[in-house]
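Once you've had a glance at the structure underneath, I'll fire off some questions.
As written, the chains take the letters A, B, C and D, and residue 1 is the first residue of each chain.
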């Protein structure tokens, strides 16, 4: 550590203290004013610490990062313990345990089955031992097997059958939404907003051909040459156009997030805007 | 004073961009940190010194605006608040602007919601816009809040033929039979315009399919940006106008401020939000252009 | 044998879930709900495994005196603080001053214990040992004599602890939101770096992105057409591409799931 | 013109109905009015059946609408459905159906303690009232013969899925066996995967570590399972080249599996002594805390190569941009469609969607895995053919074809 590091640290600590004092004064008279002033300063400090990472990795970022890792891990552990173990599991394990944790016992003749995940969970923890590590594979097998079975049918249904059947669109005009109005209307209304006859037809064609070419791109066991290669080329073009468009579309949402944070700094911490 | 801030920050951004463009002509790349600074300034400056760009209403927005503008005074407008707090930053500005517009034009406004979460947001609009801006209007005569009814599309199926069956009273328990606005309203067909605000289900799409089409009432919609593209196929035949996301709200507000002076002094959250958005988008696009110029000049140099 | 049983379990549970999908009867539904409950419970036990790993890695860093080891104290203290908050709660009007004294003492004790493990020289060891002992005793005394708060080990009062919530609102949420908002900067720098018209694919990416972003540019003429074109892009080619990818992914997931059930794909059990 | 006429008729009708609604004071004289004038005709052809393809506890009631619904006196506004456990009652209202509707599904809870519980295998009696705008004026139907609900053992609505399961299973079986017999199977090169070996070589030359990120998926996510296979290959190479490997994980179960995978890869490479368990470690189960930590690792350890394979959400760009800032070669792959654009933009190589799963087969070069890849391709070919047939069907009005694909839940 050189001198400039100390100077920066000192300045930051001073500013922190100053902000704490000023906020405490501003909140004087309110309950827990001192704590709240500290916490608002803390939140602003942590926000700036994370932003300092944009310049380069530094002590303040490391501080925020390590604190966040510890706090968040503990937060999820507490939530998991209180809601799942105490809230859902204990009331089904035994009446004695429920009384001990002051939870209403949910009587059922099948409650014995809830001992199985407890045993499996303990088997999972056997990883930590040297000789019984193999036991941890059993609960893993249960989880992987169950979700694999679940995925197998669910995805076949929603991502395959449903998606395939929704490509069945009329390419010669949709009678409901865009009835054929004659050739004159077709030529005169070249509007992209999907109200024009042409746009409506183009939409269906582009979707249909796009899907086919996209699928061709994902063929793995056939060489992409000839007509097949050209279709796969069109497929990747359409994918790229889409990726570019969704990238551009997402910018708005990301800027909104930044607006939120800067508003916090300017309004809640510095009081520059109302 | 804010104007000075606006000018300075715009000078910084555009001057900086021009300088970077000039530099890139020599094939030099921009450092990442420079980009970060520009993005920060582009977003922070308009928050500190509100910059409003002249928004020109696109036809999709103007169509709805013009419809409300040209309806004769005393027309009946139904506004449905079908959204939750998560969508509110985008949709609430539209709700405020449209309610304001309807009341300024002397239309009679009926407010309702199909989402339970919409009730708070509906009362926000009433308390923040309607009551302070129009001190002389009378509940029940000029506007009425009939609140929330559970049942989603089912509600629409009923009110399309009989309004009072589903909503016997307004939100305060006053029977609709004694509410003057409802003297001539029996079903949705008796409205001159329906404005559906939302983005989920039930939402604008359901209003069009279950009410707009069967009862032959014009429907205008205001939706969150993510769902706007899905509604374009219905425009202009089944939906007379679409406000999509914060951009649609900003266009509407700017059109409204243009034509009605009273609104020009009001808080315009949509337009305010557009300042950072517009500047940030322009900055990013400028960087893409600068990057390409640097790339091509650099390559030409290498070729030589 | 030890290797075969897990794969047999995968097969049995996998096949069961496939059959379950076609059987609407109450019995099958009941078994399905049971299995999903089990997975959640096992996951909580796994979290203990994770916390242990985090703890071990941090302690290891401190012990070996690796670069950045001092920050690991912060991780451990943060971990401890949040757990302590989650299991204590005020008993009267407010937490009181003693609670904060207790928190500081306990944190100091943890740091001292870690130092004890890290240092090798016996004099320093003795000193840190003393410090940890003293702080521990003091913390226990404060816990015993302070009536303003208490431990709640069996009932979830801790989740309502004002400090638990304050840490969530003023430490976790600001960092989370700020990390998330870093994306605004990164999306700009990524666009600058990657959107170069190097070849056809990159140009398509670039043009589509520019077109969609132009919605927000009031200086570009024909705003109305830009808006329409970007909506069309988001509506039509986007739909096609999404559907092609989804069909591919769907088939990939189905095939992998089948391979897992049949024991063809075994990489996830550690024998690739 | 037609509309105006209809609206006119509607107005008259509404006027009439509102007249009825407002006749409360007149009610005292209702004895004077002939009561049969006011009461609607009852519903007819009432029948109740067990709801098919369900777990029981539900009955479907159907009827033919009252003669005064949409015709006659046209005063029916809704039908109220009543259920009882015995013929003599008491009958409880279980719901209503709007006028014009001739069907009601009485779906009860399977929970015995719930108030809406409907017992299975027990006689249930139903009765329907035709109700007018004045709820007091209504006509009940006859009480229906008893009906019982029960659960089914096969959901016929899901037959299309069953057919797909069988066809897909068969295809996989055929190609896996033929691959096992030694038939050569071609797999097209996948850019990102080819790059992995080079990238490991580069890391070795530079003497810098390799960072492998498994994403936010659980051990049961297919993307994570595919990622494990790629990890085992990377770890093997790393062991051979004696480079350092860093695997921070988000999920504790993923951590323990990854430890196992890396350990056995070192074993396969013949260097079990080089394996250090700390190279695979848990960070935290909180999305952005995980990102913060991994970003820190990137700028402190400066890995030569970052590999991102698995499930990624908003953090994709945060990771990939920081990685490029650190000057690492980056290879990514995810099946999360919304994140693919960011990886494409910020990484050197990206596996798009299904390519991630294919990569694991491609890397393993195991005939069994390649066989199933072939089966996937056949299924895709079937999609193309079906789409074309479906298109023809849609354009020529062959409406039965799409119904073959309808899954009823």
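What we mean here is this: a residue touches a chain if its C-beta (ideal position, glycine included) is under 8 Å from a C-beta of that chain, and two chains touch if they have at least 3 such contacts.
Worth saying up front: this structure is predicted, and the values here are computed from it rather than measured.
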item: Most central chain, Cα average position; value: A
item: A-B or B-D, whichever has more C-beta pairs in contact; value: A-B
item: Chain A and chain B, separation of their C-alpha mean positions in angstrom; value: 26
item: Whole-Å gap between the CA centroids of chain B and chain D; value: 32
item: Centroid spacing, where centroids are CA-atom means, of chain A and chain C in whole angstrom; value: 11
item: Centroid distance [mean C-alpha coordinates] between chain D and chain C, Å; value: 24
item: Contacts with 2+ other chains: residues of chain D; value: 158, 161, 165, 168, 218-219, 222, 225, 253, 256-257, 283-286, 288-289, 292, 300, 340, 342, 344-345, 352-354, 358, 373, 376, 379-380, 383
item: For chain B, residues contacting two or more additional chains; value: 32, 36, 39-40, 43, 60, 232-233, 277, 280-281, 284
item: Contacts with two or more other chains, residues of chain C listed in rising order; value: 18, 21-22, 43, 46-51, 54, 68, 172, 175, 179-180, 182-185, 187, 189, 191, 193, 195, 205-206, 209-210, 213, 216, 228, 231-232, 234-235, 242, 245-249, 251, 253-254, 256-258, 260, 268-269
item: Residue ranges of chain D in contact with chain C within the complex; value: 53-57, 110, 120, 151-155, 158, 161-162, 165, 168-169, 172, 176, 218-219, 222, 224-226, 228-229, 232-233, 236, 251-253, 255-257, 259-261, 263-265, 268, 278, 281-289, 291-292, 300, 314, 317-318, 320-322, 324, 335, 337, 340, 342, 344-346, 352-354, 356-358, 360, 364, 368-369, 372-373, 375-376, 379-380, 383
item: Complex contact set, residues of chain C against chain D; value: 18, 21-27, 29, 43, 46-51, 53-54, 57, 60, 67-68, 172, 175-176, 179-180, 182-183, 186-187, 189-191, 193-195, 205, 242, 245-249, 251-260, 262, 264-265, 267-272
item: Residues on chain A engaged by chain C in the complex (per definition of touch); value: 32, 35, 39-40, 42-44, 46-47, 50-51, 53-54, 62-89, 100-102, 110, 113-114, 116-118, 120-122, 124-125, 127-128, 134, 137-156, 158-160, 163-164, 166-167, 191-194, 199, 202-203, 206-211, 213-215, 217-218, 235-252, 254-255, 257-258, 260-261, 264
item: Touching residues on chain A, where the partner in the complex is chain D; value: 50, 53, 56-57, 61-62, 64-65, 68-70, 72-73, 75-76, 124, 127, 136, 140, 143-144, 146-148, 151-153, 156-157, 160-162, 164-165, 167-172, 208, 211-212, 215-216, 218-224, 239-240, 242-244, 246-247, 250
item: Touching residues on chain C, where the partner in the complex is chain B; value: 184-185, 187-189, 191-193, 195-198, 206, 209-210, 213-219, 223-224, 227-228, 231-232, 234-235
